[in-house]
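Here the chain labels run A, B, C and D in written order, and each chain numbers its own residues starting at 1.
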Amino acid sequence: MPSDVSAQDLSPQEIMAAFLARDLKDTEHLMVGVAMPIVEAAVRLAHLLHGPNMELIFFGTRMNVADRHTLPLPAFAWDNRVVRWAESFSDTGHRFEDVKHWHKRIFFIGGVQVDPHGNTNLIGVGPDYATLRFRGPGSVGTPTLSTHVGRYYIVLNSHSPRILVERCDYMSTYGWGSGGADARKKLGLPGGGPKYCVTPLCVMDFDEEDKHMRLHSVHPGVTPEAVQAQTGFALRMPDQVPTTPIPTPEELHVLRTRVDPEGRLRRM
Amino acid sequence: MPSDVSAQDLSPQEIMAAFLARDLKDTEHLMVGVAMPIVEAAVRLAHLLHGPNMELIFFGTRMNVADRHTLPLPAFAWDNRVVRWAESFSDTGHRFEDVKHWHKRIFFIGGVQVDPHGNTNLIGVGPDYATLRFRGPGSVGTPTLSTHVGRYYIVLNSHSPRILVERCDYMSTYGWGSGGADARKKLGLPGGGPKYCVTPLCVMDFDEEDKHMRLHSVHPGVTPEAVQAQTGFALRMPDQVPTTPIPTPEELHVLRTRVDPEGRLRRM
Amino acid sequence: MESRTSHIIDEVEAVRRIEDGMTVAIGSPTPMALVRQIIRRGLKDLTVVDVGLSLDMLIAAGCVRKVVSYYAGGGFGVPVAPAFRQAAERGEIEVWECEEGILTSGLQAAAQGLPFLPWRGGVGTSLPEVNPDLKVFTDPIRGETLLAVPPIKPDVTLLHAAVSDAYGNVQHVGGPGWIDLFMQRAADHTVVQVEKVVANEDIRKDPWATTIAGADAIVRVPYGAHPFYSRGYYIQDNAHLKDYLDASTAAAKGDPAALHAYFARYCREPETHADYLEQIGIRRLLGLHEY
Amino acid sequence: MESRTSHIIDEVEAVRRIEDGMTVAIGSPTPMALVRQIIRRGLKDLTVVDVGLSLDMLIAAGCVRKVVSYYAGGGFGVPVAPAFRQAAERGEIEVWECEEGILTSGLQAAAQGLPFLPWRGGVGTSLPEVNPDLKVFTDPIRGETLLAVPPIKPDVTLLHAAVSDAYGNVQHVGGPGWIDLFMQRAADHTVVQVEKVVANEDIRKDPWATTIAGADAIVRVPYGAHPFYSRGYYIQDNAHLKDYLDASTAAAKGDPAALHAYFARYCREPETHADYLEQIGIRRLLGLHEY
């Protein structure tokens, strides 16, 4: 175990994973989508360190693997290997028949575009829907998930003004709409909405009153000005912007030896 | 095998079962409820004689048992014995999620009251719902089944003016409403509605135009006048009322040796 | 790090989670150890979603104010459960009249967080007249006439199953009752009583067989469905049920002695499920083989 | 008396049941033998409910007019399937924009014979703007704002599974795809291709494992999901899929040679599924072990 961790030894992705892991609580149900290695690492790290009662939901299977000595990230093909630890299938034709219980469920979302109120777009970019400039992959299940889950995290692989935009061309999830703490309640959306937006540069949260995106912390070596320069709208800036806490030696040890022994988070 | 069957040897229940059995077609899905021994015998008889592709649905299990040499009527407790021949469970939380395919499904219903248009009542008898004179058992699944199945049969264990009434106090299934061949279509009910009402005295069908109940055939030894005397409303009477066909020697042989070797239908 | 938390409790603790006036859904096979504990505790004013003779017992024991009812047959040739019938005819209980498709729609609306689900079964019948919670409405797309079924939200669902691990991963033998999973998804809290607790590894051998993932509480009660059946374990004790039915019928006709004796002997005197089994006797239990 | 009728047919006969312009739902694991037969036959103007690279192939092969789409990722780091992306950007295909909860609601409305089902997921988003079939409406009970999702009715659903008996009793290994059962219940006709046909007695050993009862047609095609996975049998052939993805990407950039070669070699020259497997080679197939 490294007795002393310094920021230079860490990739931004490792910092993101450790930050997210600390925010996840035991007994929560953590749903991880396709091609989200940072999120997968975060969930597995939390499960091993402080989440013995977490339920991990991967591709229709539900598992608790806290007692596994090592948890290498599998190269998730859509095959039997992903179900080897399953305790049940979440998708026996009932995928959306227990949203009542989704207050315990947490999920993570990326986006082609994300706006200042945490609305996201996976549909596409361009003024005319019939002939989009960029056709996105589609909404998957994010409109329903974002409506009902206890809370969710926007997790971006890159931080750029092309992604973090003043206004999404299309909204595939409703985060805080056009703002306001009661925006979701007024629409009848029961879930807790987006809590953080985590990127390779920083962590952002939402102003308690108007739910506008606000800088929460910058990763080591990043300045608030650098974040603003890569953001397509004016971020709320607190007087003091703390540095995102880096992983403790124990966290880093578990992350590098049990969660990501192949170092995928250091090569992104 | 009895080479010559005469009506005196037969119970009305055996005649009812054989009549129903002949009206069931191969490939149909036959759903049998609780405590309907005549119906159960009819379904099993049809299955053995001309229904190798019938599906039998008993209490949440689906089976095809045409190749069983004997098919004694089990004393259906709600236990594992009813599922011993199951090929699948119809009730895996999806009981009503395939009504689209119910045009193949046939079911059978009794009633506390049945009116001239084949509407039935399992709710109760009495003018005030809050304090019924007779509280019935409840509708089970009959409102949904009668709405969607290809056709259904009203099967009564006794024929009396107390059951066959001018007007049901409450309607738990809508048969032909207040009459008319388009009654169901106007309400948007896709199923074929009730086809026959079969009792220990006779078989009744419904007038093609106004869907009023009409005498179709009388069982051997029963007169149309005797049927009318036991019916609480004026039955349509064709000029000629045939006698209900009795089982052929082969039908009776299978019925008595393979379907009902214990003679339950002769002791009702 | 702490280890994974067990969900196993006993029947006394499980029923402590139910309060007077709550809505309780009861599945099949019938979780009789929990039903008897409800009667033992003398809970009052419950709204119950249940059928048949367990419903009858709860009514006869005075626990019920309202029944969400689609079928209350008595069995053994008795068309209607006696205590249900008498209480309904006297207006002593309220009946939320429904049928299976309406009931599952209401439970599913609750599970899906919807204010209603539309249903066609029941259109044209008396159901929306005798149950004003069912609204006849016109669909916004094609203009068809349908029923709007409001959510049915059990506070607690009680179920019986074959096995579970300590973490609430439940597996049935021969399938759960047709409505059990609807009840579980709709409820705030689900307690499953099981014949047997098995290792987590046994569950993982066939995750497809897991019918309920993460039930809130597991109660281990071998023979816990007696006098009803438990698929894969024992058949129904028809003689016992017939005795109860005769007692309930007599009580409805004005002679409650046998019914009082039944409740005293089987619900009030035994302090635990094990005491109840002693009362029934092992010889009788072992006689209830499967075939 | 005649005996029970077999449901087994071959892939050519199965795809003969599909006509130009029909709506075809494609489950997962992906029934690739049937998808390849659709391409071989050159069906046109299909409306497809499908995802990923099988969707991409059908579009690239010119079979598709409309996509009921909730996710069209390319995999292998390519965020959007190339032929889908290009055809959508050029307006060559129509997209019925939806998401998983809306899609399952539409399929379930079809299966339940309802003109719509209400859904909350998507309220507040652009979905009802870009898909005018989704109507925003006010619920008749509590006055909440919801989406009314109309029925989605596949003419034919195509699925892949582990085994079936001759009568269409299908059992999966490791569960069916999450949406397969919705597609099957909603469709007029369901064809299931399987790795193996088993005896009816094998099915009866565990009726709870029967995921689809009485599929209309069964097609026996070992390795029939290749190049995708089939749980319990083989993993995904990522090298093959990557070759396809590269060819499709090049075609979208104006160089269709590799894509033409792909379709010629794998869809048009082989006359049957067995010919296709010969083309792939047994050594490669056997290399796709499960662990």
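Descriptive notes on the structure:
The rule is simple: a contact is a pair of C-beta atoms (placed from the backbone, for glycine too) under 8 Å apart; a residue touches a chain by one contact, two chains touch by 3 or more.
Computed from a predicted model, the values in this text were never measured in an experiment.
Across B-D and A-D, the chain pair carrying more C-beta contacts is A-D.
Centroid analysis (C-alpha atoms only) places A farthest from chain B.
Per-chain Cα centroids separate chain A from chain B by 58 Å.
With centres taken as mean Cα positions, chain D sits 40 Å from chain B.
Averaging Cα coordinates per chain places chain B and chain C 29 Å apart. In chain D, the positions touching at least two other chains are 113, 119-120, 144, 174-175, 181, 207-208.
Listed for chain B are residues 61, 83, 89, 92-94, 96-97, 148, each touching two or more other chains. Of all residues in chain D, only 28-29, 69-75, 77, 79-81, 84-85, 88-91, 97-102, 104, 119-127, 129-130, 144-145, 173-179, 181-182, 228-232, 234-236, 238, 290-291 touch chain A in the complex they form. Only residues 48-50, 52-53, 55, 61-62, 64, 66-67, 83, 85-90, 92, 94, 96-101, 148, 190 of chain A touch chain C when the two sit together in their complex.
Residue ranges of chain D in contact with chain B, taken from their complex: 1-5, 108, 110-113, 165, 167, 169, 181, 185-186, 200, 203-204, 207-208, 210, 213-214. On the chain D side of its complex with chain C, the touching residues are 113-120, 135, 137, 139-142, 144, 146, 148, 150, 172, 174-175, 207-209. Residues of chain A touching chain D in their complex: 34-35, 60-61, 77-81, 83, 89, 91-93, 95-96, 121, 123-124, 129-148, 170-174, 177, 187-189.
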